[in-house]
Amino acid sequence: MNRLDREQMAARVARDIPEGAYVNLGIGLPTTVANFLPADKEIFLQSENGLLGMGPAPAKGDEDPELINAGKQPVTLLAGGCYFHHGDSFAMMRGGHLDICVLGAFQVSERGDLANWHTGAADAIPAVGGAMDLAIGAKQVFVMMELLNKSGDSKLVAECTYPLTGLRCVSRVYTDLAVFDLGPDGASVIEMVDGLSLEALRKLTGLVLRDGRASVCIPE
Amino acid sequence: MIDKSIAAVEAAVADVFDGARIMIGGFGTAGMPDRLIDALIAHGAKDLTIINNNAGNGETGLAALLKARRVRKIVCSFPRQTDSHHFDALYRAGEIELELVPQGNLAARIQAAGAGLGAIFTPTGYGTLLADGKETREIAGRHYVLEYPLHADFALIKAHRGDRWGNLVYRKTARNFGPIMAMAAKCTIAQVGEVVPLGALDPEAVVTPGIFVQRVVATGDARRAAA
Amino acid sequence: MNRLDREQMAARVARDIPEGAYVNLGIGLPTTVANFLPADKEIFLQSENGLLGMGPAPAKGDEDPELINAGKQPVTLLAGGCYFHHGDSFAMMRGGHLDICVLGAFQVSERGDLANWHTGAADAIPAVGGAMDLAIGAKQVFVMMELLNKSGDSKLVAECTYPLTGLRCVSRVYTDLAVFDLGPDGASVIEMVDGLSLEALRKLTGLVLRDGRASVCIPE
Amino acid sequence: MIDKSIAAVEAAVADVFDGARIMIGGFGTAGMPDRLIDALIAHGAKDLTIINNNAGNGETGLAALLKARRVRKIVCSFPRQTDSHHFDALYRAGEIELELVPQGNLAARIQAAGAGLGAIFTPTGYGTLLADGKETREIAGRHYVLEYPLHADFALIKAHRGDRWGNLVYRKTARNFGPIMAMAAKCTIAQVGEVVPLGALDPEAVVTPGIFVQRVVATGDARRAAA
């Protein structure tokens, strides 16, 4: 079974981002998707802290502490990019102006509920940042995550047990084992890695999982 | 390569449909996208709902659209002006519907649409005819009226300069409703004096980021005065 | 009796506007107040259509149709002035950032209700513009108007009969005959023209009218 | 002549009172007004409520204010960071109150305060722990939570350049919360790299009009990089 590594997962997500899309890549794993976006396509990266047209990390020594991304890492601005304040930045998200946002998750329910901000542990210090705004704002919300947690339990679930970030908001989940489309009728599998069967995937997730492999057209 | 600039003003408005809700920028004639309106008249779409601060001045722009009888309803704050005779005549004849909105509520409702809010409690208009029948609430000792967002299918706006990604800067008080309408419409079409190369607009001074703009049409008639 | 003419009324209002004040002057008569603001004081004029630091009318031939005031007359911008969009402009008003706004009126009630947008006539085309925002937004709302209408009836009234613009929003009324402070307890007279008695003023207005001439300190 | 510039940072914060609600700009350290915070610590005001996106990083700025135990409550979206140990310790000891707000609701509530709205219906947080006990409503098929404006007595922000009328421009992503906080506080104090002569800022590019700013303090340490 050819489980995808994190770079392969990022590359797989990148394949589904069309030219001209306005995209927000969440902190952590989703940020790496930027490395796999095709150089010959213009794709607009937005960062919640007030920039659109985000470019790659600067060369060593060119970092500017006032030009950072949502993860507070130094970035650059492309020609044609611009800056704006937090009100406008979150209007972009909440107002449905972003085409795609890519987020990590602790759990996603088969109908698209997202849990990615809080483990619910009693001693955890809660922190939400822009996760709830991104979850409900973008036209499409993609999640990328490993399908199983460290205990081997599926993170794609019937109902989330972790505190929710947003309801019915995730449209697609990219994992190391399969890609799922989510909707009111539950999850359907649109891709699997070689050597994995739908039956095995149903067993891993404990979900019904419709077979959507034929009917789905992946945007280029 | 993404290029939102369109050479012909006719092509820019070609998909406006009958019954569309259209925001039109401008405060009086300042910032009114006259070339886009001319194209809209030529295009022929009818039964439109127009959202603008006024209801047309003189014979051109929005006034000409009204005169052509393409507008079913207008949402505005200040229809009555010395030269709003086309609106006046239609209104008195019962041939156009008017939704009168205090100017700040007009702006706030447009902003609410752009920002994805479901409704806002605004103090403006409380206790007046324009809040008749609307939900009100006292919050922290002050009275507010519940107002809903104003969305649109299209926004036709005028800006000073734009680039192929749709970034816009405006000129003086022609800015007015342009930036907030751009955020509230599904498809924003900007008439600009000139389309400049990518990177020519100062990223600190861009007023409307390109994400809010779908089409840019250069008219080549930018004022080159002081600014 | 030395009834003030319109220029004298404007000059009188101007005297109460302190240096550093952020001020919106309504369309019509209030606009003329600008002509009487002292040149040696910096006072910030805001116009609802998106400028702050409005200067005087341009010289003939220098008019710019894209640099106008709320009355759609050509104006200029002072050094240090700036432009902004309608959202920010009305946030200035509604958010209580303006110190003073000066408006005309059809009627003002002794407790500060304002009627200045609609005569209520059945055949009138209603138009409100920014009047309702200005009425409720500025820290102080000044009204300037002639005290009596053409029929000789007082426009300062117990209760407005015209449709309201805002409730309990006017703090001071400047007229050709007297200046009134308004509040929850009604109107008090703080100035009268020479030759007018409080008794005569009470008769003209039909109002109780407290005498506030001693207790009021007019800002310089 | 109106001159909002103040030479000494200490004087700029001299009237901050115990128990004040203070907005502090910045996203992490970008846009954090470190000099004003240092002056606030030296000033000694305590029992403060702080509104900021984060809860301090490392040892300086907001983290130092927390360490000095001047903060009773913090309203923020993202307190937990690798270097937020001063907040973490106070929080675990029960010595600081936390109001956790989704970042976009934080921004929208600050904007509502600046714009004089009484409340807003926002979709963010609906159905989550952070909307527990809050009023909700379905509007046009979507679910919203009612959220109230966040006002403040003071806003301490950092800008790139300012003038004596209080007009401000920012630099890159240090802009973040500055412009909206300036609108929401009774007294906004801006730390700027330099105070420039009146008229030196392009009136088309001013981000924060002077009406929203009461005091400007030049620190002389503006970054002079690309912008």
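Quick notes on this one:
In order of appearance the chains are A, B, C and D, and numbering begins at 1 in each one.
FYI, a residue touches a chain if its C-beta (ideal position, glycine included) is under 8 Å from a C-beta of that chain, and two chains touch if they have at least 3 such contacts.
Keep in mind it's a predicted model, so treat the numbers as computed, not measured.
Ranked by separation of Cα centres from chain A, the top chain is C. Centroids of chain A and chain D (each the mean of its C-alpha atoms) stand 29 Å apart. Spacing of chain B relative to chain D, judged by their CA centroids, is 32 angstrom.
Chain A and chain B have Cα centroids lying 34 Å from one another. Residue numbers of chain B whose C-beta contacts span two or more other chains: 108, 111, 115-117, 122-123, 170-172, 204, 207.
In chain A, the residues touching two or more other chains are 77, 83-84, 87, 90, 93-94, 137.
Listed by label, the pairs of touching chains are A-B, A-D, B-C, B-D, C-D.
Residues 27-31, 53, 77-81, 87-88, 91-92, 98, 100-108, 110-111, 122-130, 143, 170-180, 207, 223, 225-226 of chain D are the ones that touch chain A when the two sit in their complex.
Remark: chain A residues 47-51, 64-68, 72, 77, 83-87, 89-90, 93-94, 118, 123-133, 136-137, 163-167 touch chain D in the complex.
Residues of chain D touching chain C in their complex: 1-2, 111, 113-117, 163-165, 167, 183, 198-199, 201, 203-204, 206, 209-212. Across the complex, chain B meets chain D through its residues 108, 112, 115-123, 137, 139-140, 142, 144, 148, 169-172, 202, 204-205, 207, 227. On the side of chain A, the complex with chain B involves touching residues 19-20, 22, 42, 44, 46, 52-53, 77, 79-84, 87-88, 90-98, 137.
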